[in-house]
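Next, two complexes with chain A in common: one pairs it with chain B, the other with chain C.
Then we have the complex of A and B:
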């Protein structure tokens, strides 16, 4: 009796009516057309309103049509899918528009001359000049920050995952959490206060120190996650061979997770490469080329962008240079990401024969 | 080469939980000793106390004595790392190092502990793979990753890796439980060959396997869930399976139990 109650509710065949593949695009086109139509009729001028109306229509239409043809379960599934799509588009639109704006405005003055000359003899309001000095500054400051931040971060993570027990580990975890939340300007002020104590003038390495402070917690967090992913069985296999713990970590644990760790470091570099505030405080900016990060003010890409906007009294040439520098910065971060992916793939534990 | 193990009054804890209590036994050199018993009675725990892997687990603690030919593994000043070079281990699930090739996996124990000449290493790798009956299957692809082998081949790779460092004792924790009957047979044959050179201890849930491969069998049990596991008896395998002296052993072996 009870089994009959269950089987009755099931369709008698495994096949079910389903909408053809082109339904979703068709509903999307319909929803957009209808959305525009309604907007005209109601005299709405904002594209955002059009898009929202179209999105709502798309979700409703999908549910209605699918519920009628395929049944409610499939309809819910489709609605969930369309929500995901709408959310995806909402997230992608600003990104695409940002990249588009930067590229279209940035390419105007971006050429070899721009990349290989400084602003030394060019006033901020005049055309000409370039970002060579800023690239040098960024590379040196970020590079030094990485040299300090990445090893300390990785070693802290190794301590936390492989050795850390009890109070000290808890304290370290707590401080890493706190450091994650430090605003970049505060890190800058911290180093600045030290500089004032020792009566130093702005120089590149001071910026590196602040950037390293910002970078460390990010590296610790990501490295920790990667190390936790390494199966315990591998550690035990190595220990059972009579390999000391430190060599196990060095030769088995780290190689297994090196891809993920590098990705984490690259992302942390990408993050600090765009920091402006501490650089403004500590490195100050400099229109001339200064190759020495340990003495004298330097430029950096984010700072250059800011100063071109802020100090040029609205000159178009400066705006163009700012956009071109932005494009360079984005390209730099993008290249880092690609390199990170490449390393992760290259170093990933190999499967297959 | 093979060494005798003498355990007396061994108790092991996980934090405050006592997992096994007061175990004493002797494991003869150049023989295979099988551990049988219901799940959770502490076979793995006991096995891991024999090469000081137990203390790798957070909270793991051991009391008692384990003598390896008169030397106490838990004596003061004994380095667990050198203990593990004497007493090797093969785990339940095959665990080759994923970043290393077949060759590097076998050579891992040696390479990570010192420097060897290329020719020396080649010899040892070949000898170990032959010892693990894997040489013919992998000799053409020594530089391919170890994770590309089948489960049974991976387990034999792990055995090769363990015997490459020439331990005196080889501990195996259910080495065949993830394998098909043919790979299982291959490993059982291998155990028969290895016992010429090593002292072997094997944990198994498979009575036939214990009967087939072992010379002596130890039966472990626990009186109730949450109670520590104890050694009930250890005797020649033939006796354990034909005429055990404790009723609980007979019940367990004949399946009249849990």
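Then we have the complex of A and C:
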């Protein structure tokens, strides 16, 4: 295979020469030591530069040594492996930093007071205040959006899977795909154009409508997948007993796939709960508590984060509040995600039931 | 919904048994069935109506704005809707949107493919499950949180990189830096790359997982190294999947609003350098200009939103077409 195999001192084996397992760690240690040495010699101060030099040395060293002993193909394989590892570690850094910063900065002001008070009498640059009004707004807007978006989404999916044949179903499938990719700000602009025509002021329900538009295609997609998993034998058995089709769907198909459908809806809720752009255009934000989503500007958690960042002119108190609100929002989204996945695992349709 | 007309049908009258059998065989004539079919079909139609309405109303408001525009809507380098006469154009926005998305794709796609390969072919088996799970969760982090992190953590950390690029690559003109705050297209591109990384990784991982085991084992049996297996069996099989995953990521990068709005310091000129503040994006411009917009200003923003809508439709349509083609292709191959 390789030239190294020919010069191997053990002619009785068929295996090509290979480096022992400790080679990679050894080269890594050597590369790091050499990298730090070079950095000191060249008077470089940034740790990132040290790491880069060490990484380059590691790749070159691995290639050189491996090509010598194992042959060029093995050397290429080793270099590819180290590139894949480096890419992974490189991507982990910002993602870990994001989570770590949000948690460590968020816990500073996050307490019961923060969760139960609004920004009503607090200037943006002063400490104090909280996110109660934003939580109320978020819950109402997302709840209303779910009430609109989830049933329409589920019914559309039922149409596509149980009834859909022909042109209409094809068109719906295609446009659901297209709708999945609509930027959230465009959905916001659509509702805004309606509001401009009817000369309405910002209010919570307008935001719900835009969020419902963003939610529907996601629900359709996931529900469709779940309905397709329901075995046809179940439908046929029910129909053979003389049960009408709609009762078959309600009593047999939906209960079988309810776990997956719930999961899909919860993931969709998690997605729209973090949307800022449509809320910014349609709900406007309001430092006071407004419990009525059908009249007057409201706040919402993502919008609160943006406004604390953008309107505070660099006040640390506002940044702290923004991080704490981010932590609350992430916690909400993550809990929804985890519960949804838990339901999916628990209620997964069992074959042969 | 308009299906109520069909539900008012009189209850079925007693009919001869033959007709009853026929009716039962056809299935969809019971009132309950009709209501249910009507409701579900109505939902589907409602979705189509919403899509059509988005296009129609955006076009209507956009037409109002463009007819008042004294600049050229496509080529004007400014966004002054408060002037008399108003003058605004999308040239800078289109430039910024494309540049930031291209940077994001150039960074995110290779790294995402590498991570997907890492998860399916390189990582210790016990690690890959939890890591994939965490990446799934990261795809759900709201964009405003990425924006906050980008503005307060990423931007201060970009000084070093910008200085380095300016020192060694400044002569190209693309990487020259005048030393302002690093809130430029390059920073936006990097932040967008971080945001779309989880999505592209997830879809690519799914595709790489579906590579027929036989292809890989055949390559291994011929003595291929792991890299050769990846290059000859995994990547060719997954190519179209990776392309469509990238398009989905591109769609998200194009329409991303809040993360860009928090990080970028916009200006209405086009700069050759990616490091100096310059340009803006469609979505960012809408979010930042909306607060102080006059009625005409709002319509102008809706007009720019219409352009963004059309662009994302084209990108997503292309992605779907590639996925659809792959379905047929892989069916024949499986």
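Assume the second predicted complex is superposed on the first by the 243 of 353 C-alpha atoms of A that agree within 3 Å, B and C clash if a C-alpha of one lies under 4 Å from a C-alpha of the other, contacts with A are read in each partner's own complex, and residues count from 1 in each chain.
The working rule: a residue touches a chain if its C-beta (ideal position, glycine included) is under 8 Å from a C-beta of that chain, and two chains touch if they have at least 3 such contacts.
Since the structure is predicted, the reported quantities are computational estimates derived from the model, not experimental observations.
Asks: Classify the contacts of A:163 with the two partner chains as first (chain B alone), second (chain C alone), both, or neither.
Replies: After superposition on chain A, A:163 lies in contact with chain C alone.
Asks: Can A:206 be said to touch chain B (first), chain C (second), both, or neither?
Replies: Neither partner.
Asks: Scan A:255 for contacts with chain B and chain C and give back first, second, both or neither.
Replies: So A:255 only meets chain B here.
Asks: Would you check which partner chain A:77 touches, where first means chain B only, second means chain C only, and both and neither mean what they say?
Replies: After superposition on chain A, A:77 lies in contact with chain C alone.
Asks: Applying the document's definition of touch, where does A:134 land relative to chain B and chain C: first, second, both, or neither?
Replies: Neither partner.
Asks: What is the contact status of A:236 with respect to chain B (first) and chain C (second): first, second, both, or neither?
Replies: first
Asks: If you stack the two complexes on chain A, which partner ends up touching A:247: first (chain B), second (chain C), both, or neither?
Replies: Both partners, chain B and chain C.
Asks: Thinking of the overlay built on chain A, is A:59 touched by chain B (first), by chain C (second), by both, or by neither?
Replies: neither
Asks: Looking only at contacts as defined up top, I'd like to know whether chain B or chain C touches more of chain A.
Replies: C
Asks: Touching chain B in one complex and chain C in the other: list those residues of chain A.
Replies: Residues 239, 242, 244, 247 of chain A touch both chain B and chain C.
Asks: Going by the contact rule at the top, pick out the chain A residues touching chain B in the complex.
Replies: 165, 231, 233-244, 247-248, 251-252, 255-256, 347, 349-353
Asks: Using the touch rule from the top, collect the residues of chain C that touch chain A in their complex.
Replies: Touch list, chain C to chain A: 24, 27-28, 30, 32-33, 35-37, 39-48, 50-51, 53-54, 57-58, 60-61, 110-112, 114-115, 117-118, 122-123, 136-138, 140-149, 151-154, 160, 194, 197-198, 223, 225-228, 230, 248, 251, 254-258, 261-262, 283, 286-287, 290, 295, 298-299, 301-302, 305, 308-309, 312-313, 315-317, 319-320.
Asks: What residues of chain A sit close enough to touch chain C in their complex?
Replies: Its residues touching chain C are 1, 46, 48, 73-74, 76-77, 80-81, 83-85, 87-88, 90-91, 94-95, 97-98, 101-102, 151-153, 155-156, 158-160, 162-164, 168-169, 171-172, 174-187, 189-190, 192-194, 196-197, 213, 216-217, 220, 239, 242, 244-247, 249-250, 267, 270-271, 273-277, 280-281, 302, 305-306, 309-310, 319, 322-323, 326, 329-330, 333-334, 337.
Asks: Given the complex with chain A, which residues does chain B contribute to the contact?
Replies: 51, 53, 56, 58, 81-86, 88-89, 91, 93, 95, 97-99, 108-109, 112-113, 141, 144-145, 147-149, 158, 161-162, 165
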